[in-house]
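Quick one: structure below, then a few questions.
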Amino acid sequence: MSVAENIRDDEDDRGFKSGIPDKVLHIDDVHKSFAGLHALSDVDLDVRKGETHAIIGPNGAGKSTLLNVCVGRLKPDRGAVIFDGDTLTGKSPHEINQLGVARVFQTPEVFLDLTVLENVMVPALSKRDGHFKLNPFKSFAGEKAIRQEAIDVIHSVGLHAQLNAPATSMSRGDKRRLELAMGLIQHPKLLLLDEPTAGMARHDTNATIDLLKKIKEGGMTKVIIEHDMHVVFSLADRISVLAGGRIIAQGTPDQIKNDPRVKEAYLGEEQV
Amino acid sequence: MDAIFLQILNGLDKGGAYALIALGLTLVFGTLGVVNFAHGALFMMGSFCAVTLNRIFNISFERVSETEVDFLGNPLKEKIPYLQQWFGADVSNFLLEWSVPMSILLAIVVMGIVGVIMERGLIKHFYKRPHADQILVTFGLAIILQELVRHYFGANPIPQSAPDAFAGAANVGAWIGLGDNVIYPWWRLIYFVFSALVIFGVFAFLQFTTFGMVVRAGMQDRETVGLLGINIQRRFTIVFGLAAAVAGVAGAMYTPVLPPDYHMGMDFLVLSFVVVVVGGMGSLSGAVLAGFLLGILQSFASMNEVKSILPGIDQIIIYLVAVIILLTLPRGLMGRKGVMED
Amino acid sequence: MLSTFTRNDWLLLIGFAIIILVLPWALQPIGAAYPDLLQKIAIFGIFAIGFNILFGLTGYLSFGHAAFIGIGSYVSVWSFKLLTMNVLPAVILSVGMAAVFAFLIGYVSLRRSGIYFSILTLAFAQMSYNLAYSVLTPITNGETGLQVRAIRDSAAVSLRDGDVRLIDQAMGIQEIGVPITNFFGMKMSGYPGFYFCAVLLIICFFIAMCITKSNFGMMLKAIKSNQNRLNYTGIHTRPYLISAFVISGMYAGLAGSLLAVTDPIAGAERMQWTASGEVVLMTILGGAGTLVGPVLGAGLIKYAEQKVSSWNEGILHQAFSGLPDGLQNFFVEFFSFFVGEGWHLTLGFLFMVIVIFLPGGLMEGARRIASIFRKQRTDKADEANAVGQPAE
Amino acid sequence: MSKKLIVNRRSVLKYGGAASVALATPYFFTRGALAQSNDYRNAPTGDTVTFGFNVPQTGAYADEGADELRAYELAVEHINAGGGGMLDTFSSKALTGGVNGKKVAFVTGDTQTKSDAARASAKRMIENDGAVVITGGSSSGVAIAVQGLCQEAGVIFMAGLTHSNDTTGKDKRANGFRHFFNTEMSGAALAPILEKNYGRDRKVYHLTADYTWGWSQEGSMQKYTEPFGWETVAAVRTPVGAGDFSQYITPILNSGADTLVLNHYGKDMVNSLTQAVQFGLRDKQVNGKDFVIVVPLYSRLMVQGAGDAAKGIFGSTNWHWSLQDDASKAFVKSFGEKYGFPPSQAAHTCYCQAILYADACQRAETFRPSAVGAALEGFEFDGLGNGPVLYRAEDHQCFKDVLVVKGKENPSSPFDLLEVVEVTPRAQVEYPVDLLGGELGPYNDGAA
């Protein structure tokens, strides 16, 4: 079963489509400062179930900090991040992942010494076996079902030709697809994508947009941090604009397009 | 009271020596990111610079004695140093007596050159290699260096004496109004002052010169400094030479305290690693602090009163402190995040 | 598990087993076919394989693994002294005790990574060594080392100097003088001792193979590759690391136990940092992360230590006796620099040459040679095709 | 059969000397038969017999080991030639070129001064090279470890430099023999000289290397000096290989002690002595007396390492090249002519052990360990530089004169570092065999 099909199955219970906004991720009044510099202040943000939520903003607006707070890499000074009823603040990264939050990194952080298949198998096993399982005599070559699923996911991101190649020999673009596959295989309740198309050629960007669209149809909740407005407007259901560590606007793509504050923030940047 | 004071003095003295011995190691860690297992061997070679200088002053010709015989009953071949022949016994004896302090100059030159050759010929190829490779290659080099020294100087310790003016002990007690029992060897006091000077010199060099600024910037972020178009490579070579020279003078000056032998490098290797790690990888001030901390604790742990409560504590104190510090302060006393953690 | 072994895996295992078992004949030409050296190669092979599970797979460089060798040895000798000269309880108790200590030390040390981890393990091992050498003498017999003794005459004799061997005594086994270790009657010195170690080595090799190919092994490799990423993938890395540490500690405990089995004495210097360093060198020399490499490295270093160190000038003169006098003297002079008492120098050069030219250790060398041959073969095959084609 | 006989003999031997004399008879009966059969470990078959020289070639005692090896090579030369060096002055004239009609060949091994390495190299020489005897070594830990191994393997072990009581005390083995003296003898020899020179009323501070030999040395010094009034202020254990001993020396200053005994050997001795002198201890006056330092066990090579610090300091030694008896002179001459410098005490004891072993084999007409051992047991000899010597049967320890020496004030050469103060006669250092405990157990001839 391919990912796309798999996701289509649970299309029916997507709260968003049925008109009941259901908060999956709730960022509550988060503050974070580095050496007196406010990276985030009073950030409140809700992500609804099933939506694709884009966070945009000029460089240094605090997007990455926000993402890092969500996945447990950074601890906020104040406030809390609540996911599906669990407080993420103070939890370690692996616990957050086990709750169903996966992250796709901006600079690909794949396992360079492992093959493409193994790279996808690791998150798949993590999803199945939990954060630790001592099974030194269980060979992953024997894991038929999970292995087939990994191959399918790799297929869907277009890397099947390199299935058994070591990740270290891949191009940067391929590594990003691999990143994506590693996120998708876990069927996370929430997928955090950090600039999934940054640095890609136009052709690759479009391919990635198509792929993400396909998943969008599948109904997985996603948060995308993105620079490229083309990508944002092709994918996002709702957009939050971050500038100077604060949310300055929130709404549908159309609302954001016409928001004067956003224009100001972006024009300010573009003039430089 | 006297006992406590002496132990503190001893701890400071040891601490200074530890810091000086570890200084070059942490410098190389911090700037080049290289785990240098040959550091102990450099220290050892420095001390053999003192031996060599002494031997040079002692280069002699033989004269068959008419009166004395050797152990086999043959006429004794007296050895007369050329220096004595040329300049008279006074000059010759003076040079021999002062050979250890003078060997500092020799150690700086020789060890500086050794350091530069080592960096150019070997270390620079290992900047990007895993630490395990660095450890193995420098360890191999250390073995080779010490075996060469053994080949020429033997395995036995070779005594080097301090100048007569600094032989014996200073009556420290009299200076500060404590009893006559508070005495401390002159040479150790001098070594302490010497350590302070060298450490301060290296600090000043890194802190107040442009060269030092670039190197420190390189310690923070090698890539960026490289991108600025600065030839960081050449500076790193000089830093390595400097580290080797510091290890060398530390070794040369230490000879009157510890008669040098070819194996002393390995004996000091573990100690200097512990000092560096407790201080925090690549932190100069951390190394100094750790040196003093370990020196004083070791000194106190060796007191009979302490040992009777905790038998064997003096044998493990250094490692115990290292464990406690590393578990409470993840990167040692003053280490920076991300250095040597992978 | 076994079903997933490929044909190559089976070939590797069988080939390895055969080579180990025929070592007493295979090593004859280089004068290494005598029980002690063979035993040492097998024992340190086990040690290095175990060390490689930690270092080769996770990249965590422990400088304190010799502590577990020491623990294994002491426990074994105590088992000989208190229970029985049969090696089975000794081996089981040693491995168990090593696991306990490895868990304790690993639990603490693995709170840190990189060089900080290395220094923590080093510190624990050095503490064990220093204490075993001095304060713990009632348990370790200090510098002299713990030895098997005759049954003591009275309870007044300390257990260090006289044994009780409760099980053997209960079974009424007669002893003359100091007895020799046995495996249900089979003497564990000489060649039987080697085969005992060799079989365990093959089993250990097989287990290491399984671990490498398992889910668990893959997680360990992922830790080496990118531990941070693994955390974000939902894996708690510390339990994995602790497990790997304990497993490799058990291997070391087994090695220590076998040292005592083949030669019933346990000394503190087995725990010194240089002994820990030795296994690091073995692993890197052979090829960290490979299965066969560590065994190869262990064999090479033990061979150098035992044989190269014994080539004195007399032996060199014999070796070059075919040459004219002047040349012979020159060669003897030259080589005596590197062998006999100069064997450390050879080892130093070997380390440097291997690391500089073969970063993956001897196994990488083997791979390169193999690939040259493969290339030649394909070239030849191409040629053959080229020649063959016109005839068609 | 023959083995069992020996077992019985040994077990009876424990019960007294008289019985042992009576039981010497079976030995003569069986001697001929034993000599002809070759069912013992490494029985030489060709025209050579192989000795195994196990000495430290790397590590702190490498120079000492090198000197031991020189002595062995010289001994082999003399044995094969049937004369030269001390062989000419040796009281037994059994050796007349080769041993039992075979030339002596030898193999060498590196002990690294580590028990494991020493056992491994000894095993190599026994298992691979067919050595019929293992000899050498430079520390007691190694000697005891190798002695145990030789007992198991069934070859004779002739100990090199090992000074701990345990080697022929509680760790003694039937197959092991020691020519060197021990801490007990050091204490007994040194004490009267210390009393004479430093007086009866002394407060003593011991710095002791924290392992078996150090403790044993400390105990012996206390045992022999306390009866005439020396009082131990403190006995402090120092870790082996401490390097810098300053933290142990500073407390001495305030302890009220006027005497320091350094129970250290090797590098520890070099360092602690150098540093103690540097601390001005010897310039001090305590309790109205000059502060003095004593180093119970001296070795010329180590005194060389300590340099000027050793001047005027008392200690004991097994032998010294400046002795003027014929044997010592002959040995120094042959060694000096071959190598250009005088031999150390380690070289001397190793040379003697090699000669004694070869001689015993010749007298026993076999290399069988039990027979050779029997020939060595109770063997009285002279002419090996120590005056009349007895190899005591009950513990395989040599009893001979002990030298009390002092660091020389004005050395005339790099080797002339010690002067002999007194030759303490053998009677004064003898002790009853049960003092040190232990049990020899039966000989082991090993399997063929």
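Order of writing sets the labels: A, B, C and D. Residues in every chain begin at 1.
The rule is simple: a contact is a pair of C-beta atoms (placed from the backbone, for glycine too) under 8 Å apart; a residue touches a chain by one contact, two chains touch by 3 or more.
If you're wondering where the values come from, they're calculated on a predicted model, not measured in any experiment.
Visitor: In terms of Cα-based centroids, which chain occupies the most central position?
Guide: C
Visitor: Suppose each chain is reduced to the average of its Cα coordinates; what separation in Å results between chain A and chain C?
Guide: Distance between chain centres: 46 Å.
Visitor: Between chain C and chain D, what's the gap in Å when you average each chain's C-alpha atoms?
Guide: 35
Visitor: What's the distance between the Cα centroids of chain A and chain D, rounded to whole Å?
Guide: Averaging C-alpha atoms per chain gives centres 76 Å apart.
Visitor: Going by the touch rule set out above, which residues of chain B reach two or more other chains?
Guide: 315
Visitor: Send over the residues of chain C in touch with two or more other chains.
Guide: Only 130, 133-135, 344 qualify.
Visitor: Which parts of chain A, given as residue numbers and ranges, touch two or more other chains?
Guide: Expected reply: no residues.
Visitor: Can you give me every chain pair that touches, using the contact definition above?
Guide: A-C, B-C, B-D, C-D
Visitor: Under the definition above, what is the set of chain D residues touching chain B in their complex?
Guide: Residue positions touching the partner: 58-63, 66, 210, 234, 236-239, 241, 243-244, 246-248, 250-251, 253-254, 267, 270-271, 274-275, 278-280, 283-284, 301-302, 304-309, 321-322, 332-333, 336-337, 342, 412-413, 415-416.
Visitor: Applying the document's contact rule, which stretches of chain B touch chain D when the two form their complex?
Guide: Against chain D, chain B makes touches at 2-3, 6-7, 9-11, 13-14, 17, 68, 70-73, 76, 150, 154-162, 167-169, 181-185, 187-188, 256-259, 261, 263-264, 267-268, 298-299, 302-304, 307, 314-315.
Visitor: With touch defined as at the start, can you tell me which chain D residues reach chain C in the complex?
Guide: Touch list, chain D to chain C: 7, 57-58, 62, 66, 106-110, 114-117, 119-121, 123-125, 127-129, 140-141, 144-145, 148-149, 151-152, 164, 166, 170-171, 210-213, 237, 239-240, 437-439, 441-442, 444.
Visitor: Can you list the chain B residues touching chain C in their complex?
Guide: The contact residues of chain B facing chain C are 35, 122, 125, 129, 131-133, 135-137, 139-144, 146-148, 151, 266, 270, 273-274, 277, 281, 311-312, 315-316, 319-320, 322-323, 326-327, 330-332, 340-342.
Visitor: For a test of understanding, state which residues of chain C touch chain A in their complex under the given definition.
Guide: It is residues 1, 3-4, 207, 210-211, 213-219, 221-222, 224-226, 228-237, 239-240, 243, 247 of chain C that touch chain A.
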